[in-house]
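So, here come the structures, one by one.
In what follows, subunit A forms one complex with subunit B and a second complex with subunit C.
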Partner chain A sequence: MTLHKTSRLRRDWQILALVAALLALVEFCVSSQFHRSVIILSMIHSVAAVGLTLLVGYAGQVSLGHGAFVGIGAYTVAFCLQRLGLPVVFALAAAVVLPGILGFLIARPILRLSGHNLALGTLALGAVFYVVAAQVRDVTGGLDPGIVDLPSMAFAGLAHERVVFWLSIFALCLAAAIAASIVDGRFGRGLMILRSSELVAECIGMNTARAKSMIFAVSASLAGLSGGLLALYLRSFNASAFGVGLSIELLMMVIVGSLSTIWGAMFGSFAIIVLPNLLEGFDQAKQVVYGVAMILIMLFAPNGLGETLFRVFTFRRKSA
Partner chain B sequence: MTLQATLEIAGVSKSFGGVHAVADVSFFMARGEVTALIGPNGAGKTTLINLLTGVLPADRGTIRLEGRDLAGTPAYMRARAGIARTYQTPQMAQGMSVLMNVMAGAYRFGKHGLLGSLLRPWLVMADNEELAERAGTCLARVGVSEEWWGRPAADLPYGHQRRVEIARALAQDPKLLLLDEPAAGLNRSEADELASLLVSIAADGRAVLLVEHDMGMVMSISSHIVVLNFGRKLAEGAPETIKADKDVIAAYLGIVEEVA
Partner chain C sequence: MVIRRALLAAGLIATVILPANAEDKEIRIGALMAASGPAAFLGASQKNVFELLVEQINARGGMSGYKVKPFFYDTEGNGTLAAQQFRRLADSDNVSVVIGPSTTGESLAIRSVANEMKVPLISMAGAETVVVPPTPFVFKTPPTDRIVAEHLLDFMKSKGIHSIGLLSSNDGYGQAGASVVKEVASKTGMKIVAAEEFGPRDTDMTPQVLKIRSSGADALLIWSVNPGPTIILKNAAAVGFNKPIYNSYGAASPQLIEQAGAAAENSFVSSMRLLAPESLPADDPMRAVVSKLAEDYKTKYKSDATTFIGHPADALRLVEEAVKKTGSIDRAKLAEAMADGISFPGANGIFKFTADNHNGLDASSQSMVMLKIQNGKFVVVK
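So, the complex of A and B:
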């Protein structure tokens, strides 16, 4: 019986342990400041992308507005640290809870939409957030100066970047553990049924309206955590970091990674963060090459680049 | 009614615009019996299933499951109350194995919710094993052997998808099982196996509603037949009564003038 994927959760825990060990190793080995920043940004975006995989990949609800929740998380951390003088841990916790609550409240009305309409609705949500964040200067500092000079994370002799690196590893593992527990459990199976047919999901006893709100809230929470870490890392930022561009990038990370496993999101984030840097050499043609690369990925790896590479790899090994 | 009515439908109606898809339909269903719902295409059979499962709200009439009025009860609550169904075209979830599809059917028996799975993942593992056990039993019962369980359900041959769908419904441990044309697309021997499976499911003490065009199957396994035509109940009774009913023959074959 256990042969038939009932041990998925156990397998996902194993992968998680492997990923954690690998990232810790990377932290010790990488010395280049630039490489460090690329990896940190990848991990931070992964946290949001893992959450978005739950919503888009598992529950089948597209969001083009999750940049807003990243932003809410970032401003929450800034507010907690600068205005309330709370410790970092509490600030991050607030950056998880607040977007989660907002996500839950927004989910009911917005998830009445589906397909293209949902994409447009969430896109609008993201756009509205950007405008609001740019205008409510009291909290966000507007576009100029925005949030400046958040405290350095340097702690017990470790430099700012190293502390953020460890925080990011911890957050990413937490996000993956949460996601694995969801997708490998009863609720995750319900979501996968829901993705194929809301009718069937209702008829097996799932309250689909509530389930969609819950998973939207979870994905918003993880986006918020991601935003909180981003704020800690960058220390200075403004609303332009959380525009529609970020929402689309997050969705690209999910699609490029994999729609059907949470691990794809990590791969996708890395690819989307690294690719523009790799393409520096193309100079003016950069955007074109980026676009072509995306189209090629869609054409030849519609299940996600991460998943396709994984399949090719395991296929080779089996046939060898 | 001497038998205890598991399902009691009284004066149920549903219109779409000006079309009376189901009009003033009443009948009883008893546990342990296969009740067939037949009628020409467009007679309102699938609409009636949707009314029973709560997918569509009824305009009028009452539906009682073991005496409990289901008015205003949403589909997911009716599923939890013990109504399960299959679909005209098998609805296998994409990207899920056969076993996972059936485990999903046991949704209402899972002990962990979203928060539970976040805080106590070990419960998820124990729960999964229990649900997999239940799903495996159901799959074995419908005759899907273990070699299929790990495969993507959507890739299965059509006949197998039909069985998996019945297994998924059985995993809900329903009091009332609604089957929407389960024999469509099956060959003779598959249909015969299905017939005996349905009889054994009813013998568990469940009420089985069979919507089917395969008259051989309907006549051989149903205790009671309800005939719909243009949304109205045309006739009701034992198979022998229905076979001899002039109105039913007319509805199926078109109005036939009495020939001397």
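So, the complex of A and C:
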């Protein structure tokens, strides 16, 4: 990633508008409940994946524990709605703020680690969250039954699913807009230097500890927003939804998509959510096919499948 | 030329489509089972038996003339995935009824979806929260934890046991069971003098066993799925725990004896009948059903039946009875029929589904038998 690139802000806004229009069109056209549920889940995961791209792709800090923040967001929404009786808007706001604050507090100590150690540290964070969520039954309901029957989102004649669909489109665009404005600004350029060399970043006068904590908090907030939407959509869930598997899935979305643009994260989320449904026919071999696909992507498209496909496509077009 | 080709194509398509149309009576049944992942110990055998039974039903002419067309998806024990697959079954595959999922968490995750989409769901979850309070489209076939807890505590009382130490796993199965046991115990006057937990992947439970021994409980009740119970039986034998040990239905599988060996001797397990069909009395009302199921399973898959295969078997029977009753495969009509007094002897007890009881079982259904392990075999005891 060279630093001479001019601001891509304007192009990002164009893509954002395109994505929003496309998703809105899909909302009106797709009638199958199953297809809609796949799209909704993809969008919800995209929100977290966009945040994770900022952290992993731009700042170069790996996190294998972001499932925990998704979980915190989900439980926050459930707690606000069921125990405190707050309106949905406030519940979602809390699901953004609380994981953000927690993320900021956790980031300072945990981001002292780097490389493999950071991966292991965040992995432990995710694992600990799972255990806590499974055992603090007063708040989370544990593994069984967990959170049950959050209120339906049906509103002004629109069914639950449609409301969630629109809410997800809005959340995804919001997440992308925040991410784009961070990435295209001074702070984002600083992060890229940070990724290349922490020493250089410090030498040019960056407060690296603060920058890393900030970006960790932002990505935790977006993970929390994603969790809040997930809770609203599913209405019933338990701690098993937020295990280490979710954290790894989120990271895979980033890797499959692209490490260097936030739009790749969206591509990755759709790929990771849709792929298992396409592999249903392989039955027993499903996991193997899935694993082999991931390995091939890592080998031949280390910058992310989305980005590589995009490059191949544009390269062909130019040379033709 | 073009016309000839078009005609040829039309002819080809007709030959493919017409025979399929000739036997137009089919009922599409969806199955959601955790054939892989942490709950595979449930789902893998359930998937097998589902395939086996669908084959058998079609061989004898289908359900009231409707051939069964199965659609199977592996939920991996993941509620989010199960909810997606349920929509796929309902929307894309256009099924009349869905059987599954295997676990309570998944079932709760799709309960509201089933009611919204108005597709009957016959769950294989243990916990009663799935059908209490009853919702129009959700049913289940395994006995609830409450029935098992009542069966165990009543049996213990009849043996003069007044206090127990409870040892449960801290996973979903153990958590749900422990709270029901505590509730039933306080109602029936059984004292719980110690309640300990362990992780489902723990490898040594000696400290918990010692705590329960020092509490002076008359008996030890274990509420967990394997391998926890086999480890506890071995730990208890090693520290010389000399009080009777009882297991819930989660441990009711041949592996209990295979893995615990001599340590399992003289311990009890509350189980559905499938585990020991040959030791049931000849006049047992469910004997015919469970013997056939266990035998067929063993013949086809060369392994002993688990008690979990009773759930899909009873679910399919429920569908069959409902189809017979309405003569239709309409979703709403089937759900209505299922809540309207369907009764049959199944593998999990004598069912009677009513508007208030979507499980069809209660304390009088004779769901459970008490098995004692003697000389490496399960024996029914009274």
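The rule is short, and it goes like this: the second predicted complex is superposed on the first by the 314 of 320 C-alpha atoms of A that agree within 3 Å, B and C clash if a C-alpha of one lies under 4 Å from a C-alpha of the other, contacts with A are read in each partner's own complex, and residues count from 1 in each chain.
The rule is short, and it goes like this: a contact is a pair of C-beta atoms (placed from the backbone, for glycine too) under 8 Å apart; a residue touches a chain by one contact, two chains touch by 3 or more.
Bear in mind that the values here come from a model prediction, so they are computed numbers and not experimental data.
By the touch criterion defined above, A:A241 reaches subunit C but does not reach subunit B.
By the touch criterion defined above, A:S32 lies against subunit C but remains apart from subunit B after alignment on the C-alpha atoms of chain A. Once the two complexes are overlaid on the shared chain, A:D184 sits against subunit B while remaining clear of subunit C.
Judged by the touch definition given at the top, the superposed model places A:D149 against subunit C, while subunit B stays out of reach. Against subunit B, the residues of subunit A that register as touching in their complex are 1-6, 8-10, 13, 177-178, 180-182, 184-190, 192-193, 195-197, 199-200, 202-208, 214-215, 218, 260. For subunit B in complex with subunit A, the touching residues are 53-55, 74-77, 79-80, 83-85, 87, 91-97, 99-101, 103-105, 107-108, 110, 112-114, 117-118, 121, 124-125, 127-129, 131-133, 136, 146, 149-150, 168, 172. Per the touch definition, subunit A reaches subunit C in the complex via residues 32-38, 41, 134-135, 137, 142-146, 148-149, 152, 160, 230, 234-238, 240-241, 276-277, 280, 283, 286-287.
The touching residues of subunit C, counted against subunit A in their complex, run 36, 73-74, 77-81, 83-84, 87-88, 90-92, 104-105, 108-109, 111-112, 116-117, 127, 129, 170-173, 175-176.
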